[in-house]
Amino acid sequence: MTEQYLLDLQDVTVEYDYQGQHFAAVEGVSFGILKGETLGLVGESGCGKSSIGKSIIQLPPPTKGKILFEGKQLSNLSNRALQRMRHNMQIIFQDPVASLNPRRKVRNILSEPLIISGVKEKKQIEERVRFVLNAVNMNPDTTVDKRPHEFSGGQCQRICIARALILEPKFIVCDEPVSSLDVSIQAQILNLLEDLKRKHDLTLLFISHDLAVVKNISDRVAVMYLGKLCEIGASMEIYEKPLHPYTHGLIGSVPSILYENKKIRETELIGEIPSLMNPPSGCRFRTRCSRSEEKCENHEPDLREIRKGQFVACHFPLEY
Amino acid sequence: MTNITKFAQRLGNIPPLVNAIFTLWIPAVWISCLLAMVIFADLLPLYDPFESDFTALKVRGSPEFWLGTDVLGRDIFSRIIYGSRTSLTVGFFAPVCGMLIGLFLGIVSGYYRGRLESLVVGLIDIILAFPNIVLAMCILFFAGASIVNLIIVLSITSIPANTRIARASTLTYAKRDFVLAARAQGASHLRILWREILPNIILPQMAYILSFMSIIIMIEGSLAFLGVGVPPPTPTLGGMIAQGFPDINTDPHITFLPALFLFLTVLSLNLIGDQLRSRVAVRESAI
Amino acid sequence: MLKYIRRKLIHLIPITFAVTALSFFFVDMLPGDVADAIAGVGTDNSVIDEAAIEEIRKDLGLNRPVIVRYFSWLAGVFTGEFGKSYQTGQLVSEAIAIRLPVTLQLLIMAQFLAVLFAIPAGIITAYKAGKFTDKCITTITFAFLAAPSFIIAIILAFLFAVTLNWFPATGYIPFSEDPLGNLRSFTLPSLALALIEWPILSRVLRNDLIETLQQDYILMAKAKGLSNFYILMRHALRPSSFTLITVIGIQLGNLISGAVIVESIFALPGVGTLLVNSIHSREILMVQGIIVIMAIAYVIINLVVDILYGVLDPRVRE
Amino acid sequence: MAGLLLEVVSLVTSLATKSGKLNAVDEVSFKIDRGQSFGIVGESGSGKSVLSRTIIRVHAENRIVSTKGEIIFEGRNLLSLPEKEMRKIRGREIAMVFQNPMSSLNPVKKIGEQIVEVLIQKLGLSRTDSRYRAIELMNSMGIAESEKQLSNYPMNLSGGMRQRIAIAIAMAPEPKLLIADEPTTALDVTIQGQILNLLQEQTNKFNTAIILISHNLGVISRYTDRVAVMYSGQFVEESATAELMKNPMMPYTSALMRSVPDLTSPPHTKLRAIDGMPPSLLETPQGCRFQERCQGVRDKCFSEMPEIILNGGDHRYRCWYPLEN
């Protein structure tokens, strides 16, 4: 099973020090991403989804556990090998304006990855830059000599995507790529990502807090809560028949446009998200869960397969 | 209904009472003229600043001596020009050295953080613990007062402020996602410092240099006034002021003319520096 | 809060150590030592007598290794024992102790006046930002920023002492002898210092206030229907005062520097004049003593500033 | 208790920006009844925040503002009121909740102080009374251990709790109109529901009308009675919420609804993105402002600006060729 994963996370833990306090933003998370698929990673703020994305590109690497890319463990690679590996993995961030250096021109921003990876020929660089700009539906003639502040947020995100594409990676981490964009622009970027994925045979990890967006773009979805993985499975299954009470509550709390003929599942999750510094014992969701029992307090649930391909970490999963 | 916003509507630097002619162009002309006279002083038809005319002690301004003569009958105008030469030399090299060192310390400590940062912050605290003029006085008096020593000492005193500014802007830029993106592409730390961070902080930093120049010129004047600057008979503005001070009730011009020159020079530098800073700030906010 | 103070105190230890070490070494390392000075080296009519110098070195313990000398000097610093003036035989600690109150009174009065001018000016200019009042006051601050302390002191002396004769130009009257005369003798010197300090403080406060007034919580306060004056005083002033406090701490060094100059212009018998005189008469131990006291005072006052910062801003205490 | 509370007539708010003067709100008219929940939906830069801030006369923008038109609140034109009178209305009759509870509470003032000052200044309560009232209020906002929270600083609370405090402050004087500018955008989705339900419950309790501003059609659809769609400073469509969601007349509204991914549609459903970007407010095109991005655009759209017109009932829209459903 493991071999066919392009990217395989095994028991990944990411720890940080913040103002003298040590805490784990991600604890013991394992999942794999198949070649060519899009895995959606959802959760609320502080659940560790961004930390996972960053630990995959080794910025910073996980403190415990393994991350295998094409079977090679990333943390064992030498600096030079890691540098070569970076061509295969790129990342797109949430804030497109902040992820472009305001003092550099688009041409320099886009050629930077090529120069770092040792491409010297000017003509070749220019060609690649024009190629990727075309790929993200931007006109190279009018864009290469401008600086980021001359573009709108959506256009900046296109430039970021172009920068990620220029090294022809196999895998891209999309860290909330549409969260800071307006809805009409958001749809353009999502469609673009879908297109590029098909054309360039990409594998995506799509991180977002927006459940509808994740459902739309993902083949499979992983749900995180407070640094732990609660549930993972095929996108359709997760949304139709969530097993974890948290997934159920999360989906239910999304307000959707009311049409006459659409059914609405109204659920409201009570309480607040506990602090990562001091997480609850046992199941981390128990403080907000209506199904919680004594067992949840004392034993941490393991991730187990309930339906085919659908894993859940809950002692009392929902039944259908 | 034009004043809905009663509160501050304009951020940024000092709004000038008068327009840019007074806050930018006149100061710029003043500094340029002074600079030209200071550089070409030897070629200009000036009196010898060292030569005393004992027949004309403490005279007021006249066609012969434009600004009068001092206690020893030396031409004040000529001495002011040669004195400004000292001030401007020190006032140029010390802030530039201080800025280069401060920029380096600030960027490195702001980017790498950790122990290095604590070390740099500690170093700054140590330098700051010695009041600048006191530090300069001691070193100059015991090590000998020369222009080079003066420049070294005053460079040291301008390191803390430069380091703080550079560190603060490095901290804000190092957090930005484009630095992370560069790392994801495999850029080395050195390349990131050079290509991503430095271009962003160098301009705002440069905008401060005129203000630092004015501060250094004031300190140089103070040291000369206390008699620990470049030793007499080399003319210095501060030294001239000190020399005229005992006769202030009878011949105030000996004291006040060099003081006025010093004041106008510092004021001009401040005004131009402020304009420069606000222009850089506008460009920043446009980004 | 206690944890915060403890962290600041721990930070203080290496700084104090470094500051004392530097005070010692940089005076010690400079060419010409106490023995040279006593023997008259460097003065114009000196005849260099190597043997005599060596003798004096031995007497003073100057031939011991520098580290040993540092620690014995440091031990002295902590017991208030800095050595003796080799010219008058006066104890360094005693000489400083006599003059310290003068300098302290000058600094405190100057700081008080500077804050007294700066806070209203900062508030008015921020509130009226861009208006005529703001432009007037900020233009004035600009003029003061360009005037070195000795020029301001000279102008004050010329105007109020020489021309108008309102205040004494020089001299010092102890508070115990004549309280009013004492204040009169301190008015011009402290005003001279305050006038170079206030424009900096006022500009800092103005910029911070303007920035604070853009914050959401000020909008929220407006939306609550609170008056502008109340918002300014109760919502905006405190979060805008942090840089001001930091700057007061940083500016302390400049204030002390200014005090040295102002004391010598107005002939106040403070530590500053003592320092200038000691430098001119090569009283190395005296210079060392004064520098270390100034540096330690700076460090301690900055600790107080940091603690004050913690009191005002709950966010930094964590 | 029904009846007209607020009537906005041809409101124009101009901002002077660095690049020139622009009308952030352009000829906007609408009415709100007592206790009504009125939604304004639009993308960033559409002018919805400027509109709401013009009503309460609290502007953040560091630019000169001028206004035209009328804002009639209970028979009085707010635009012609002097600032002193307006201050009496703010926080008492009209209150506001801001987008980001992290920045809308003063970080260096205790929570209690921030609630109490409204009670003292707006309701004239004594210090002790207002303390009790503050605890009561916080309890009704679902804040646990409210007495202890009084002496806390905002940084010790979570985002959701801070927004509850902000709502408590806004609702303390039982205002007649509450303006909520994207009150949940900065919050997590599970907290969002709690806060919106709280707002609904509180405004119902005191028959307070609410202007709910959001970019999220789902939120607007679930929590409002009437809704207006804003585009490029103008109202382009306005009607009862259910009607608008079912029968959008203006192509922009319909396109906006379709460009949002929906939870009920299967993965990889192609989204109907709206091409291009909204026009710059500095150089708005002649004719309809949506012309460049509209699928059904015709010649008339380029030459004449459509008026906002009534369609039989109370469904208003600004389009020459409305959609037929």
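Chains here go by letter, A, B, C and D, matching the order in which they are written, and residues are numbered from 1 within each.
Heads up, the rule we're going with is that contacts are C-beta pairs under 8 Å (C-beta built on N, C-alpha and C of every residue); 3 or more make two chains touch, one makes a residue touch a chain.
Nothing here was measured: the structure is a model prediction, and the numbers come from that model.
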- [ ] Would you identify the groups of chains that remain joined by contact if chain C were left out?
- [x] one piece
Task: Chains most often in contact, by C-beta pairs - done: B-C
Task: Distance between chain centroids, defined by C-alpha means - chain A, chain C (Å) - done: 55
TODO: For chain B and chain C, let me know how many angstrom lie between their CA-based centres, rounded off.
DONE: 21
Task: Intercentroid distance (Cα basis), chain D paired with chain A, Å - done: 32
Task: Intercentroid distance (Cα basis), chain D paired with chain B, Å - done: 51
Task: Of all residues in chain C, the ones touching two or more other chains - done: 214, 318
Task: Numbers and ranges of chain A residues touching at least 2 other chains - done: none
TODO: Could you list which residues of chain D touch at least two other chains?
DONE: 62
Task: Parts of chain B lying in touch with chain A, wherever the complex brings them together - done: 176-178, 180-187, 191, 195-196, 199-200, 286-287
Task: Contacting residues of chain A [partner chain D, same complex] - done: 44-45, 152, 154, 182-188, 190-191, 194, 209-213, 215-219, 235-236, 239, 249-251, 253-260, 262, 268-270, 272-273
Open item on the list: Show me the residue ranges of chain C that touch chain B in the complex, using the header's touch definition.
Closed with: 14-15, 18-19, 22-23, 26-27, 30-32, 126-127, 129-130, 134-136, 138-139, 141-143, 145-151, 154-155, 157-158, 162, 203, 209-211, 213-214, 218, 228, 250, 252-254, 256-258, 260-261, 264-265, 275-276, 279-280, 287, 290-291, 294-296, 298-299, 302
TODO: Flag every residue of chain C that touches chain D in the complex, lowest number first.
DONE: 214-217, 219-227, 230, 234-235, 238-239, 312-315, 318
- [ ] Give every residue of chain D touching chain C within the complex, in rising order.
- [x] 56, 58, 60, 62, 87-92, 95-96, 98-100, 103-109, 117-118, 121-122, 153, 155, 166, 169-170
